[in-house]
Every structure is written in structure tokens, then in C-alpha cells.
Amino acid sequence: MSRDRGPDASAQEPAPDAVPAVDTRLLVREEGLKGYLTEFRRKMRSGELGSLPVVIAVIIIWTVFGSLDSTFLSAQNLSDLSQQIVGTGMIAVGIVFVLLLGEIDLSVGSVSGLCAALFAVLNVLNGMNEWLALLVALAGGAAVGLIHGFFFAKVGVPAFVVTLAGNLAWNGLMLQVLGTSGTVNIPGESIVSKLYSTIFHSPAAAYVTAAVGVGLFLAASLLDARRRRAARVPFRPVAEIVLRTVVIAAIAFAAAYILNQYRGLPLALLIFLILLVVLDFVLRRTTYGRQIFAVGGNIEGARRAGISVPFIRMTVFMVAGTMAAAGGIFLAGQIQSASQTSGGGNLLMNVIAAAVIGGTSLFGGRGSVWSALLGALVIGSIQSGMNIMGVSNAVQFMITGSVLLAAVVVDSLSRRTQKAAGRA
Amino acid sequence: MPETPVLTLRGISKRFGAVQALSGFDLEVHSGEVVALVGDNGAGKSTAVKAIAGVNPPDEGVIEWEGRPVSINRPHDAQNLGIATVYQDLALCDNLDVVANLFLGRELRRFGVLDEVRMDKRSRQLLDTLSIRIPSVRIPVASLSGGQRQTVAIARSLIGEPKVVILDEPTAALGVEQTAEVLDLVERLRDRGLGTILISHNMVDVMAVADRIAVMRLGRNNGFFDKRATTTEEIISAITGATESAVTRRQARKREEER
Amino acid sequence: TSGAAPGSTAQAAQNEIRIGLLLPESKTTRYEKFDRPYIEQKIKELAPEAQIDYYNAAESPTTQQQQVNTALAKGDKVLILDAVDAKSIQSSVQKAHDAGVKVVAYDRLAQGPVDAYVSYDNRKVGELQGQALLDALGDRAESGQIVMHNGSPTDPNAAEFKAGAHSVLDGKVKIGKEYDTPNWDPNNANQQMSGAISSLGKDNIVGVYSANDGLAAGIATALKAAGMNVPLTGQDAQLDAIQRILLGTQTITVEKPYKPEADIAAEMAVNLAEGKELPDSLTPTTVTSGSGQKVPATLLTPVVVNKDNIKDTVVKDGLYTVEEICTPTYASACKEAGLQ
Amino acid sequence: MSRDRGPDASAQEPAPDAVPAVDTRLLVREEGLKGYLTEFRRKMRSGELGSLPVVIAVIIIWTVFGSLDSTFLSAQNLSDLSQQIVGTGMIAVGIVFVLLLGEIDLSVGSVSGLCAALFAVLNVLNGMNEWLALLVALAGGAAVGLIHGFFFAKVGVPAFVVTLAGNLAWNGLMLQVLGTSGTVNIPGESIVSKLYSTIFHSPAAAYVTAAVGVGLFLAASLLDARRRRAARVPFRPVAEIVLRTVVIAAIAFAAAYILNQYRGLPLALLIFLILLVVLDFVLRRTTYGRQIFAVGGNIEGARRAGISVPFIRMTVFMVAGTMAAAGGIFLAGQIQSASQTSGGGNLLMNVIAAAVIGGTSLFGGRGSVWSALLGALVIGSIQSGMNIMGVSNAVQFMITGSVLLAAVVVDSLSRRTQKAAGRA
Amino acid sequence: MPETPVLTLRGISKRFGAVQALSGFDLEVHSGEVVALVGDNGAGKSTAVKAIAGVNPPDEGVIEWEGRPVSINRPHDAQNLGIATVYQDLALCDNLDVVANLFLGRELRRFGVLDEVRMDKRSRQLLDTLSIRIPSVRIPVASLSGGQRQTVAIARSLIGEPKVVILDEPTAALGVEQTAEVLDLVERLRDRGLGTILISHNMVDVMAVADRIAVMRLGRNNGFFDKRATTTEEIISAITGATESAVTRRQARKREEER
């Protein structure tokens, strides 16, 4: 499609040799590696903070807890942490999708519990094949998401109320599903337990994973730059690509080294990382992802561009439901059981906080799935630190609430700066 | 006109609750023709446009495309036929960059993946051709001025291969220079054989580029005029539905004062 | 459960025995699965014509207050009341008392003018858990440390378990880390345990106190992940806990057999409904409630369940059948324990 | 201020004798009592349902439960109901205010619990004067609301996140306040207990209240009509006023009769009704109320009209906080104690559901404080009915979730019809 | 002009992030004078208006009111001085009825309570005077057409007792008849001694009613013109900053074609 037939350059006026018009008041333009730095400063000033605050937050948290109790920075604790964040992180990925639309899903906690219960009851109590039960649980999450999406997209009920009602209703359904059996043990050999607890003990696993990831990044960047150069559109200079690759490689191999210090690369972490890469690709490089951002930016605009807004909305809530189910399964694998408290407590707060802390905006149209990883890391670190310190609950509640508040304050202030810098 | 019109509306009606916004509205657009659609506020012009563009399908009436009746229920249907629309309210996505907005809904792909490089290149070419001043095609639309946004919106309608372009008050928010450029653009569209529907309250602009002028009043047709065989006064009285109106009174007064 | 004649229900209920059963929540298995059927069954047995109205307060004291009102409006003559909040319910108990309705406090000792009380001793539960842990530790108690996971800080019972356990453990063993776990959340307990293992070092932890089986589920996996196998307590005799005990990943749980408690409550209620004095056999002791009333009561003793007495406790008490416990995964462990 | 100096009628053209211009396509106009019916039909068609759905809902619910168990319609049960709805209703009033801004407060549950705990600890444990303690509790609610309002209005954090974070943090603070004492009993002679449990046994009380209310309504309507007639602007015909008064009188005296059948007029209900009348007046007849509606309709428009949007937002959240505190006090009076579970459970769901069911829109700018009464009545009736029937919790959760969903679906559909009928 | 201007701006600057929207902007408005503010898209006209109206206070510069320096930090400050503004984007509250919108921010009260009766009466009078067609003053603004909303917005600025009225592109969305009525209205304001700032891209309208014309370009002043002593061409070249622009090219082409 789309051979551009826009007014051809050979048309009469304006003269084709006209100097490309530049508004003198636009203070910043693209200009290679130096422009990159200027661009960075501009972004900071205009509030496009991206993931910078969260990286700083992680560093601060690790320094504080590390200095309070040295066990915090031990390979063992960090390795545990890398497993513990997977469940929260998975659910947060779904929240990121919903936030990109500028909406919220308050039901993910209950849904994760419901799906874990579904798996446990089907597989453990009713003896269904475990893969099939896993599939049913994930499909259940998607179906729940579809229901939310339907009421939101087709009926026009605000998403936060649909999912608030859902939060209660799915919790009721979970109690119904678990029925009189209460907690159900998931055997250690079950796929769900294995997903969480498997660890590749060979040090090679972690290093190879890191190497593959870095290699892929470098290759993709170089290829893209080559194509752009050939097409005569602005491209990243090789120096910049190398710099970025070096930074990523440093982080990847450091992480691999730490994991290998204790027991090796956890399967759960690997799955989570692969999922993030795939979903990031979907969001940034496919039409579907582009459409999600468009709907998050301007619903009417998206609709008139021929995008089916209800379709996007419903599928995004299905993604959120499915990710909640996946997260619920990992959380069940963590304790090798599904219980009536699954998905309750602070889980909802934690996943929302994770998504927002990671840098995805509450206001729609701005964010990335990597927020889920970074945010879950912050939340997980705080919890782990407080557990090591043995902080009381009342205080834990207040701290979690404050952390969420702090994250959204940063988001809101950065958006305000952006509004002032861009056009309101 | 012997040849089949590319787009024909027949007896289009649309009702919003208590308001009959369109009743029995007719319109024909031929290739290579600029039809101006004029009328007072609330006459139903935008409603007619939205009916054609599939944003608010009509309650009654027939839309024919190149002689065949078609049904346009979604914006996509209109796009697929080859109808491009620039709306009165711009409908750009502020968070996306200029390129993404230009190609929204019809992204270029390579192996199923967005082909940013080609879209980027194509956008630069297009904007250059229209001599649109934008600092970078990679900045979010949020940071453009109203006029810049309007030109982006118009440029966007030309991506794809439209046969009919509908412009709903494209120049209302534009400065004199940008207005002149848009009018140039409209003429270029005609030269390339596209059918164009231009909605405007500015009689000067209408008389400058239109070939035919369709007047609407209270949701109905109130006359079709050939540009070469009519005067601004005639059209204005068709719009206001009276020979005596605030406009004519003003003109009379002015003439008196000048004397 | 309804079916009262139209008009003023209070009058219509003049001669029949009408008992209201008010339970606090349904998230925990016991209430819907055991307490309610046992009590209803026993009442029917003692007074076949009796009407029973059932209410569940879903953990809300306010709902329970409204349910007492409803019960009074329906004309219930005796209430078997398991309070969501033993203190909050006081005004409702007073209101019932003023309306001439008798109140049997069930499982938790409601404040106010209660007529009878049957329960297990919560403090005793904590003591049993602590003692069982000490027994399992043996002389390792002196060398190492234990980690304590108490229940939800919002649950008043959790405080009693905690106090009971401390009364036994304090001074006998070093407590390395102690946590309260909001909402009795197992995932939370799991992370707390991981943190404790990192913090104290796996070789220094010789045993873990867990206030209930839910927490124990999370703790057991954390221990397993760290390659540890140390004594671990629990409470409630949940099915999953019994299975863990068979596998050896949990050491004991505390069972509070529901049947005797339910039977006694039913007997007390029927007696009171028929206007009789309660016989001494039903109220061997007297307890003092938080509001100062002396309440005739039965206090039952909880039972510690370990690998060796599963058959004689939970199976015999009808909590679970051997088939329920010994699913294929646990078949070999069952054989070892002599269950199959 | 504001002597209108707009262009005077004596200016040249247009001729002052011009026929008032009427757009022929506007199918409905004002035209007396008959026009009133047409207007009613138009409103129905265009989705301005107001409180009609909820009145129908109450009738259906009462009929269904009444036929299932006659206890439900007994004077005793209805009388109890009239007391039980006060706590929920009070909090719902605050939610109505927030909804009028198009926002939501997810913290009211925790705040109500916190303030009840505050009162109990100050008065019962620390022996503070009970009126002073009451004041402190209410002021505490206002202060909490101010904090939410600050972050929302000044920092720009979306209200639902601020209050979601608050929901957790205030719950933590409540646990801290109650400390180790856990539940605190409030003596029966305490002002808080009395506020809830006092009942005017004399039948005169209820009837006089009804008569005063009806009389005031009639007088106000007649006075208004006279002034309007004098000013030559459209006014309500006397026939219509009489009809309205008769309907209101019928409802008021029927309610009084039923209350007198059991024990008389509860003080709590009287306070609630007076509060509703006062707040309704504030919303509809004062500048402050008008400004709330304006902010709910178009924030930028309100700002440019010189309204201080942050002030309105902060005060509205303070109202919500104060009403949450008041509701919490009544709920504490109901169980004569403040406990760690106060304000938890389904309370939040119930109050939001009550406000929305009562006909206040989630989308801002449309609603009335009477929604709180009507909605609380629906929610209260359903709960009371389910209690009488002995419905299980899992089912109760699902029903409450569904009722909330149903209410917002009606709201959303009616808004959609309105959008189609008005200009989108 | 000897007498003190009612409103004077001196050296007003405003920066939005990377964009210097206004730099050293000056303007004077006298009583009984219509000043047209013209300029290309993004020239900074709306920004200047918002600075005067207190919506976005300027970063630098002095605003004088009747010779005294004042600081206008909130819309209320401007209102209190006597500056009424009609914005480009209408800023009406859709959920409120016409009366409530007209009096928003300056409601009439009796014993501290809204005086609906007087507001109702006053609204009817005002709308009648402006011969604005609205079915009822008690319907929500949501159900009015774009043109009707614009007239309501203008009417609103006349409630209160403004000494200066600012109209930011009041006719951009209006039909020919409504435009004529608004221009009538502007002249009536002048006759009553008010100072008026009119922003418009329509040179015909500007030349019809303005006494003085202030041209802006890229955030700066680019000349003041007296209506009687200038031509449309001169102003257009001040706006576009060149004698050679798309506008002149168009005109040249047209003239050629006509020959």
C-alpha cells in the first residue's frame, strides 16, 4: 500500500531550491553526538525524565540499605531479589500497557489470585494436564480482561470503576473456585513451581545470556544506522552506538556475575527478560504498538485515522488480564500453593507503583515496558530491605504509600514541565 | 457534466436527538473539481463531512462512489475508498512525532515491522514539497504551533492515495501566508485530478479556488452556484436566506459612510 | 432459611425454636465447611423443629452489627455468635440481651452480657506451637537462632498466639528475626524468610515459628529454595499443611477440632432456647470477658498434629479423608507415615 | 458589582422589534405544564435520567426482598435500615462532591477509620473532652483531605492515585494510632454512641419534621415563582408546585408513619437529612456550589472565568475528608467502638456505588447530594435483604461488584445518549 | 496621542521551555480605539493576550493600566481591572446553562445567595440586544452549535463593566452573518468608549473595523500601522516579513491568469 502520491516535488512554486525553513526561535536541533548532549539537557529541562529518576532511586535505595545491613548487597539477597520481582514485574507489564492508554486496571490483584486458583484447582485437584491447566489459567486472565475491556470500550464505563468492581467480583469468584478446599498445594515438580524455582547453575548460562542480549542490541543498532545513512535520514553515529553498547554490556555482565556468585541464572528472570524484549518490540516497532500510543495520545485522532479504538482498548485490557494471570502463576510458584489470600494485600499498590516508578506516565501515551522491570526492582528492593531490617507493618504501609506518591509526584511534575515546554 | 461524479450524496439525513442536523442533503464531486461547501454556523457542513468520512454515518440517504452505492460506516471504509479528510478540530496525537502522525493508520512496513526509515524519508520529502516549516520530523506534535499543526494535518491527508480530499475549514486558524499556501495546495490537488471539498466561511478564499459552490442552510441544500457565473453577494444571500441581513446592512452602512 | 408467617415475625416465632448463627467470615475454610454444617446438624438432631438463620459478616464488624439487628427483627431467640471483633460487638450483645435474646459466644469471647461461651484457648495454641518447636529443636535450641512469623497485626487473635508462643520460647532460644505479616500474606512471608536467610545466614537458623499454615506455605518454599530443612510450625491443620508434614517440609500444625466445639455450642443454644438452665457438664469453667462479665464456659484443648498422629487427629476428626490427603504426589510419603 | 453595561438595547440595528429568532430545527421549547411533560420525555430520550433509575431500583429491590421474606418490610427492619444508611450515606456525600469535579477519592474508607480511631483514642483512652475529640476527628478528616487536595490541585498528581496511596498510608496511620490497644470500645453514654443510637420516641417528632420539611419546600417554591413572575421570566405554574409538594408530602409522611410504627425518628437520620438540605442549598444556590459545577464541567473555562481551581479542588477534597470523618464517627457509633478493621472491607465500594447509583455522574459536573441518600438506601436495602436471606459472602462480593457495575453502566449509557443529543 | 492609554504593555517577554514566544513586546490601547493584533501562526498573539489576561503571566516586562504599573497574575486580577477576554478556544462550561456561563465568576447575589431571577432576566436582555439566536437561556451550552457558543462567549465578556475587551480570533469559526454581527458589535464597543484588541487572520475584517494595526512577527513587534494610512499589502508584507511571499506570489499569478 501507500505509495506516496503527495504533491510531487516537480510542481511549480515554491522553488525547490528554497533554503529549508528554520524557525529561529527553536533553540535546539539535531546535530550529531554533540547535539545528543544538548538534546539530553533539553529533555531534562523539559521534564522528559524517562528512566533517570528510577535509576537514581535504585542507587540510593541500594546504598542506604547496603550501609544499614551488609547482607542486603550480598549475592544471595540480590539473587533472591531477582526472582522475587518477577511476579510483581509481570503484572506491572500489563499495567504499563493499560497506563499507555491513560487508563488504569485496579483488578489485577484479584485476577492474578483467581488465575492461580484456577490452575491449582484444575491441575492439582482435578488432575488436568498441567500445560493445559496453565493455558486455561492464562486464557482465563485474558477473558477477564476482555470483559473489562468490553465494558470500558463498548459501554463507555470508566476503566477504573469497571476494574474496581471487578476487583471485588473476581475476588468473590476466586473464593468460589477455591471453594471449601482453601489453600491448594502445588507440588514441587509441577510446571508452575519449576517456572519459578528453576535455576541454571552453570555460570555459562548467565554469561551467554548477557552476551546474546548485548550482541543483538549492537547488531540491531548498527543495521538501523546503516539503513538510515543509505536513505539519507539522520542516524546515530557509530561512536554513540558503541557507547550505548558498552553501558548495556557493563550492566548485563555485572548482573550475570552477581547471579553466578550465588546460584546462577534463574529461569523466571530469563523468561521475564525475554518477555520484556518481545513486548518492547511490539510496542515500538509494530503497527499495533503504534496504535496503542496513538489511542493514549488522542482518542478521537486515533479513531479518525481509522484505528479501531475499541479493539485496541479491549486487547490492551486482555494483555493486562493475561499478564496478571502470568504474574499470579509466578507468585503461586513462589510459595508453591494457591491460597485465599492470593492476589490480595498490597499487591495492587505494588504493581501500580512499580509501573509508575519505572517511568510510565499515568497520563497516557508515554512509557515503556522496561518500567515494569525497573519499578519492580525498586519496590522489591525496598521490601527486601525492610524485611532485613524488620520494619513494622504500620510503617511499611506508610512507606509503600509514600513511595507510590513520590513516584506519581515525579511523573506529574515532569508532565507539567513538559506541558510548559511543549504546547499545552 | 456528462462523466460520472467520483462522489455523490443523495438525500442524506442525520438527526442528533432533538436536532435534525441534515435533511435530504445532496452533493456531487467530480474529479479535478473543487467544490466549496458554505453555510452559516450549524448549517450542517461538518455533519455532512463526518457522514462522508464514516465518523458519524448518516441515518438515511445514499452515498455513491464512482457511480456505485457504498456504505461508509467507519473511518477505515472511507480511507479505503480513497477519501481523505482534514477535520476542523485537528485530531493529531500530541504524544507522537510528526512522522508517526503523518502515517497514522497507514504505517509503512517491512517484514511486518514498522519501516521508520522509509516513513522518515517520505515525510521529509512531503513536508519539503509543501514548504512546511518544522524544526524536525521527529519532535512530538505537542510542541508545534497551531498553524504548524494545521499544515501537518493537511499534509497527512495526502499520504495514501486519495481521490477525494475533504478540508473542513482548513484555513480558519491560519495566518495569511499559510492560508495562501493551503490555497496553492488546493489548486495543486485539482491539477492532479483529485476531487476536493472545501468548507470555509471566508468568501474571499472560496471565490479564489472553488469551481462550484454548494450552499447549505438549516441542514438542507440552498442552491448550487458556478463560480464563474455568480457573485459573492448572491452566495451570501443564499447563506443567510435573505437579501436583508446583518452582512448587507453592514455593507450598506459602509457605503453610506464612505459617501 | 426463611418461611416465617407474614405479619409481625416476633409474634409468629413465639413457640418455635429459632436460632441465629452468626459467623465472622468465609475466607477461612473452617466456617463454611465445618462450623456451620456441624452446628446446624447438631441443632437439628437436638430439636428437629428448630429454625436456623445463618449470617456471615465477611470480616466486617459493622455488617455483623447489622446482622444482629436483622436477627432480632426476624425474631431469633438465641444467637450463636462468633464475633468479628470481640470488643466491637459489645453493644449488639447488650441490645440482644435487652431484647431477651440469649447469646452463646462461639470461638471468640464477645464482650457484653454473654450467656455462654465455647472455644479453644488461643494463647494455648501459641504455647503448643512454641513447645512443639522447642521439642523439635532439641539441643540445637541453645546453639542457633529461630525466625518468628506472627500473623496479621490487625487480627486480635494473632496477638494471643504471639503472646503464647513468646511465653514458651523466650529465654529458651534466641530469636534472630521476628515479623508481623500483614493480611497473613504467604508471598510476604516467603520474602521475609528469604530476607532472614540472607541476613542471618542459613547455617545459623535452626527453626522457624509460623503462626499459621498459610504463612508456613510461603516459608517452606523459601527454606527449600535455600536448601534448608529445619523445624517449622503452623496452625489450622489445613490440608496443604498436612501434606507438607508428610513430606517433612513442615513439622507440626495445631488442630482445633471443630466438631466438639460445634456440638457444645449447639447444645448450649438449644438448652437456652428451651428456657433451661445450662447443665454443669456444658459449662465446666467460668471465664471473665474483656468487659468484666463472668461467663460460664467450655474451653477445649487444641491438638498438635505431627507426622505420626495424622491418622488419629485430622483423619479421625473427619477433617479430611485419607484419599484427600494422599493424592498421587503424596502417595509414597503416606505409605511411609502409615496412612495407606 | 456587576451592573450590566452590555450593549444597550437602544443601539442602532438590529431593529428592536425583530421577532425573537427561533431555529426551526430545535424541536422542543419551554411551554408551561404541557411543555413540562414534553421536556420530561425529551430528558428521558436524551439520557438525563436523574434519579429515576434509582427510584425504580428501590421499588424493585423492596418488592423482591419483601416478597421473599416479609421481615424485610417490617417497620423494625426499615427503621433499622434508616439508621444503618447514615454512615455510608455521609461518606457518600463527600464522594458526590468529588465526583462533581469529575474526580474520585479512593481513601474515604481508610480516612473514616482513621478519624474514628482518633476520636476513640483521644476521648476514651486519653480522656479528652468528647466534644473536643469529636472536633479533632473531624478536623483530622479535613486535614487529610487538604493533603490529598494539595497533591492533586497544586502538584498535579491524578486524584485517584493520590487517594489510592492515601488509602494505604492512612490505614497504616490508623494502625499506629490504635497501637497495641487494638479495638477501643466507646461507652454507650458517649456523644458518638448517642449520635447514632438516640431515637425520638414521641410520634410527634417524626410528623413535625415531615411537616416542617414539606412546608419549607412549598414556601420556597411559591416565593421563587412569584419573584420570577414579577421579573417576567419563565416560572413554574402553581399547579405544578402543588403537585410536587403533594408527592413530597406523601413520601415524607409515609416515612414518618413507618418510623413511628417501630420506635420513632432516629437522631442520626434527622442529622443526615438536615445536612443534605444544607449541602444541596450550598451546591445549587451559592457561588461556591456553582464554581464546583463549573470546574467539573470545564477546568480551563472555570480558570479563565477567574475561579481559583486549586481552591475549589482543595476544599472539595476537604469536604470529602470531613464527610468521611463524620461517616466514620457514625459507623463507630453504630458498633460503639473503633477497631483495626474500621473503614476496611467493602466500605469504599459501597460508598462509591451509593454515590453513582444515586445518579451522580462519574464524568463530573452532573449530580446532587440527594444521590447519597438514594444510593445509600439502595445499597443498604440490598445488604439488609441479603442478610435476611443469608446469602454467602462470595455471592455478596459478586453482587456488590455487579451493582456498582450496573450503576456506572447506566451512567455511562445515559452520558453517551446525552452526548449524542447535545453536542459532543 | 496625548491622553494616557488605558492599557500599555512594555517589553513583555515570555518563554516556554525551548521557545521564546514573546520578546520585548510593546502595545498601547486607548479608550474608544480598536487595535488589531495580527501576525503569522505562532507569532505570539495568543501568548500576548494570555499575558494581559493573567492566564500565563509574562516572564519580564511591564503592564500599565491607566498609567499605573499593575501586576496581573491571575485571571481575576485582569477582571478586576476591567479587562474582559474572549479566548480562541471558547472555554465555556458545557454542563452549565447559558445564564450560568454568562455570569460565571461574577454571579449576581441576593443575601449572599445566587439571584437566578435577576441573572435570567439580564441574560435575556443581553442576548436580545445582540440578536443572538438561542432556543432557551436555560439549556446547557453543550447543546449549542459552534457559532452559538462563540456568540455566547462574546456576550459573556460584556457582562461586568470592562474597559478593555480582547477578542482572540472571534470570527475564525463564524459564518458570514455572525461575522458581520460580531464586527457590528466591535464597532459598538468602540462607540461606547471601550478599548478593544482584536486578533484576526482575516485582513478584510481587520481593515473593516480596526483603527490601528499592530503587527507581530516571531514574538516581536513588527510595526504599527494606522488604518487610514496603510494598505492590506503593506500589512501582509509586515506579517510575512518579506515583500516576496506565498501571498504575493498567489496574487501575481492570479493577475497574470486574468490577463
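Each chain gets a letter, A, B, C, D and E, in the order it is written, and its residues are counted from 1.
Assume a residue touches a chain if its C-beta (ideal position, glycine included) is under 8 Å from a C-beta of that chain, and two chains touch if they have at least 3 such contacts.
In this text, all values refer to a predicted model and were calculated from it rather than measured experimentally.
Using mean Cα coordinates as chain centres, the one most removed from chain A is E. Among the remaining chains, C is positioned farthest from chain B, on the basis of C-alpha centroids. In whole angstrom, the spacing between the mean C-alpha positions of chain B and chain E is 27.
Note: centroid distance chain C to chain D, computed from Cα atoms, is 41 Å.
A separation of 75 Å divides the Cα centre of chain C from that of chain E. For this pair, chain B with chain C, the centres built from the Cα atoms lie 74 Å apart. Each of residues 18-19, 42, 143, 145, 184, 246, 249 in chain B touches at least two other chains.
Shown for chain A are the residues in touch with two or more other chains, namely 13-14, 23, 26, 28, 175, 346, 393-394, 396-397, 421-423.
Among the residues of chain C, those in touch with two or more other chains are 26-27, 32, 153. The part of chain A that touches chain C in the complex is made up of residues 69, 71-72, 74, 76-77, 80, 84, 87, 124, 175, 180-185, 187-189, 197, 331, 334-337, 339-342, 344-347, 383-384, 387-388, 390, 392-394, 396-397. Residues of chain E touching chain D in their complex: 53, 55, 74-76, 79, 85, 87, 89-96, 100, 103-109, 112-114, 117-118, 120-122, 124-126, 128-131, 133, 135-136, 138, 140, 142-145, 155, 158-161, 184-185, 188-189, 192.
For chain C in complex with chain A, the touching residues are 26-29, 32-33, 153, 177-180, 182-192, 194-199, 213-214, 217-218, 220-221, 224-225, 238-240, 243-244, 327, 329. The residues of chain D lying in touch with chain E in their complex are 1-9, 11, 13-14, 18, 20-23, 26, 28-30, 224, 227-228, 231-234, 285-287, 290, 293-294, 296-298, 300-308, 364-366, 418, 421-423.
Considering their complex, residues 18-19, 39-43, 143, 145-148, 150, 169, 171-181, 183-184, 201-204, 208, 236, 239-240, 245-247, 249-250, 254 of chain B touch chain E.
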